[in-house]
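Structure provided below as structure tokens; questions to follow.
Naming follows writing order (A, B, C and D), and every chain is counted from residue 1.
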Amino acid sequence: MIKVGIVGLGYWGPNLVRNFQSVNGAEVHSVADFDNNRLQKIHQLYPKINLCNDANEIFENPEIDAVVLATPINTHYDLAKKALLKNKSVMVEKPLATSRAEVLELMEIADARGLSLMVDHTFLYTGAVQKIKSVIDSGELGNLQYFDSTRINLGLFNPNWSVIWDLAVHDLSIFDYISGGKKPVAVSATGIAHTKMGIENLAYISLFFDDDTFAHITSSWISPVKIRKTLIGGTKKMIIYDDVEPTEKIKIYDSGFSVSTPEDMHKWLIDYRFGDIYIPKLPQIEALKGVAEDFIRSISEKTTPLGNANSGLNVVTILEAAQKSLVNRGETIII
Amino acid sequence: MIKVGIVGLGYWGPNLVRNFQSVNGAEVHSVADFDNNRLQKIHQLYPKINLCNDANEIFENPEIDAVVLATPINTHYDLAKKALLKNKSVMVEKPLATSRAEVLELMEIADARGLSLMVDHTFLYTGAVQKIKSVIDSGELGNLQYFDSTRINLGLFNPNWSVIWDLAVHDLSIFDYISGGKKPVAVSATGIAHTKMGIENLAYISLFFDDDTFAHITSSWISPVKIRKTLIGGTKKMIIYDDVEPTEKIKIYDSGFSVSTPEDMHKWLIDYRFGDIYIPKLPQIEALKGVAEDFIRSISEKTTPLGNANSGLNVVTILEAAQKSLVNRGETIII
Amino acid sequence: MIKVGIVGLGYWGPNLVRNFQSVNGAEVHSVADFDNNRLQKIHQLYPKINLCNDANEIFENPEIDAVVLATPINTHYDLAKKALLKNKSVMVEKPLATSRAEVLELMEIADARGLSLMVDHTFLYTGAVQKIKSVIDSGELGNLQYFDSTRINLGLFNPNWSVIWDLAVHDLSIFDYISGGKKPVAVSATGIAHTKMGIENLAYISLFFDDDTFAHITSSWISPVKIRKTLIGGTKKMIIYDDVEPTEKIKIYDSGFSVSTPEDMHKWLIDYRFGDIYIPKLPQIEALKGVAEDFIRSISEKTTPLGNANSGLNVVTILEAAQKSLVNRGETIII
Amino acid sequence: MIKVGIVGLGYWGPNLVRNFQSVNGAEVHSVADFDNNRLQKIHQLYPKINLCNDANEIFENPEIDAVVLATPINTHYDLAKKALLKNKSVMVEKPLATSRAEVLELMEIADARGLSLMVDHTFLYTGAVQKIKSVIDSGELGNLQYFDSTRINLGLFNPNWSVIWDLAVHDLSIFDYISGGKKPVAVSATGIAHTKMGIENLAYISLFFDDDTFAHITSSWISPVKIRKTLIGGTKKMIIYDDVEPTEKIKIYDSGFSVSTPEDMHKWLIDYRFGDIYIPKLPQIEALKGVAEDFIRSISEKTTPLGNANSGLNVVTILEAAQKSLVNRGETIII
């Protein structure tokens, strides 16, 4: 039985408690939060879980095998490091940390001690992203030509971290997963802060690769409507993933173009193809349950979870470069 | 009666002939094209129009007052210059020319001779863009915070000019018009060419201003679906302009956010507002008819058309800078 | 403090428990169900509520003021009668009973004893229906010309009662409410049973009035998609209520037509008007909370609830006539 | 070369002229209309076509082989009869005539003389309806369980014939075609006339069959939005045909339900199946071109056109019965 301690009972924490409670082979041993009201709410639902105000009690407790951190971004590195040094496996809410250097240090500690270090990239565990991954891996899409993802809505400005750390992190984790960990060679990002907080609330990220792939991400907290739409183009087919759709989230288009060069080399012939569209049925699964199971499995069976530390590293590396570009009006950042 | 010569009878030319024929106070005197089949088609519909293979015949003809150019982009400057030097007023299909320097030279010639120089920014004459302009000018939107426009579909690669010269030109002309000629201070653009032609078929442009405004444009020839959607955010209201919608093209959202700073300066209070939505009825007008009338009026009444040369200059200035940034992976171009 | 007993803990019962628990001035005293597992689930959440297997224990308990019935349709009359005869106010899940005669008898008992008798017409308490009601009552819509409502999806066949008792009941209750209790003079209904159960799973109801109003309802358990769309036409404006839309549920169209008779009496002139569309913001309320509050208020303050017995009577009267017509291929039933 | 005379140059007539002109093996010989302006417009486009004010000139002309009637509904029977008696093959705009008796008489004359008698059921020639037909004929849909079609918009009241003769005629012709000429045993129709003209502008038709099929049609001239949506349910799959969609008109749902009876005969087990959705690419064809070709082929090659007289008879039979039921509030009409 893997015993789990969960730190942070804000918006997401109670969902983590509920899901880890339901994983076979795991149980939530303790939860920590400054706020006693939050602790009491957990107590009412799960009277056997220990409550504490100080996360260190969890880190110090030798009965606990694994720690889950659902705390503000800037605390991730410190808390994860403390937990790892106490020989706990650690799962961190996204993003894993605030810089590539931080992530690398955490990975080193985890590796040296044989601990699991994971980041909660929840979307990887949805039926929609799983389907996209399988279409790409099967070769049905052909080579990946572009990934263009928009995640915008009105609300919930974070006062300390720009919108890319809140929203683009999802798109980057999805891209990392479905592309098989493809790494950009350069990043350019633009955007603007409309408040005196100086935190960018609208941002665009472009990723350059050393081949024919291109990626672009739009993030906004100031759109009048909620849009979560990703276009994925391959040499054979194209996919539109619309996460706002209740059931028809994935549409696979048998459309594309091809270029040929006839003998007269001065001309190009481009052939456009418009074909059938296919909307696969997606399994109804709770993604966070998959996250919890994957973390527990990574500890008990020494497997590599989808949201592994390398995936977290790739995402944070891009976010860090994008933030640097963002404050310099699109300056190209080589990574 | 203003007598018009039209050069180029490809896709757009016949529409120009039809619309100029219907303008009061104007008539199409001659048309020119290399292709005799195209000339014959015009002849069948309008037997009185003169036909010629050489545009120079039009430029040389003293009976002709005005020339309309619907020829490939790279010919705009040469042909417009020739026509202006023969004292013809000139309207050019978008974009006006291929560089800021070319446009400035054409403007100088036109000004010196008191001729009208216009560019066909057709969208400015639609009911939808007219409505957006009036909402902004009335103050209902508040200050412009962002303009985010997506114009993508599958098809019709131009073999010589990247997708921004074909598609973003529309968004830039709309932005120039509704913002009252607001000029960016810097541009960053990214994108990719997926064919050996080396012409970018997917591109993104960011515009930076010296105030709280930001603009971003997405252009693509390789999307499986046609999207023409523009989000316009103001401090008071927000607009979504969806040009693919048959009737409900404009939605005005009484939504927004505001930031206040309470006494405790370490905290920010952000208030989100979600209100009613209003879909105004738009007049059913043929935009190109408005273009033709505006050009003729600019000649006969010495008025300034919506698609005036300054508007053309602003758009070409941005396109030129964006193309430079595009080939340098988002490099910031100061303008 | 009004003490409530709730009978039936199937799909809807637990929602009733939760909402009645949250009403000021009320508390759930007891719940009854045959199934001990269901009782235990309530016990875990609300340890103070008494549990029983027999509804009669609730009816007999002098401490209990009000009974809520969430049991199968065919039990409504018997259970409600028992409860009323024990001087309990009663709220019944829709439909109130299975015949006009049953409802009239229940109303008589309730009236004689000064008890509240209510039916849970939940939709009346939604922000959308409240908005429609206010638009009609303000005169903005003009005279009601038609009400055309479609409520279809795939699933949950009831083995004993046709689809109109399950789905059309909602549309009829909405019509009754927004029309101010307008009563049809005749009913025609058609449909089919596709299973050997002989229970109609697809049905259409037409309501005839003694004026210019017409109503039509489509009910189906065998549609591949979920549609919940109501068109409401008035002499001045028209409304579309789409309950599947997450936020834009109500659209008010400033459209219509008018007929004039010029001097030449042989001609009719019809003028069509297409105007603006307005999407009002709707309050975010939990309808069932409103139901619970209205029932409690009807007891403590002797008010008439929206889902009053007359509303229930009107709906059951139509359902009974429609079912009779349904088995006779649309035969006109005068009511 | 089949020589065609076209009578009636209102809204639809010029489209017929254009399409018959483009059919191989046919030419438009003459057109007739009272209105000389309409005749002149045809003359400008097709100077070789003869013009006349009196349809009899066409019927009397021995050079003409075939007559196309695009005149008001109430003239169809008279004009068609005259033409047939002059040994012309005849195509009539929908509906073929105003009663079953009229159609039967026309059919008798045509048969006796070996002439082609056809009705312009345009929708049968669209890519969408062709696709539906092929899905049903292949067995992929299973047995047809229901056909539910809605065709509503705002406008164009006909002053003499109710909305079912204008709109439901399309749905009935589609049903007749895709069902392989399935004939209802009874009809019930309801609706209302909102103008003093007394012509029903809102109507609903139900069709009863001697098996498990059911059909329902909604027709309206007073909807604020244009809807053209048909749901078709089979025992294996279901189709939604949305003719307002620009490209994705047909969606095929691999969804359905099945009923089983376990040993305990008192229980029914219903299994719901929600599967993939498939949107086939449809050919881009002009339906009216197909109509014209089919009529010409029926003359030159003695083939049976899709819009044959039997199809016209089935549709008119239902319309006539429906109109009778409509004025009697849904009375069941046996046919």
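We adopt the following convention: a residue touches a chain if its C-beta (ideal position, glycine included) is under 8 Å from a C-beta of that chain, and two chains touch if they have at least 3 such contacts.
Please read all numbers here as calculations on a predicted model, not as lab measurements.
On a Cα centroid basis, the chain most remote from chain A in this structure is D. A separation of 44 Å divides the Cα centre of chain B from that of chain D. Here the CA centre of chain A is 54 Å from the CA centre of chain D. Residues of chain C in contact with two or more other chains: 274. You'll find the chains touch as A-B, A-D, B-C, C-D. Residue ranges on chain C touching chain B, taken from their complex, read 248, 251, 254, 274-281.
Looking at the complex, you find that chain C touches chain D at residues 145-146, 148, 154-155, 157, 159, 186, 188, 190-192, 194-197, 202, 204, 206, 208, 212, 214, 216, 218, 220-225, 231, 233, 238, 240, 253, 255-257, 259, 261, 267-268, 270, 272, 274, 325, 328-332.
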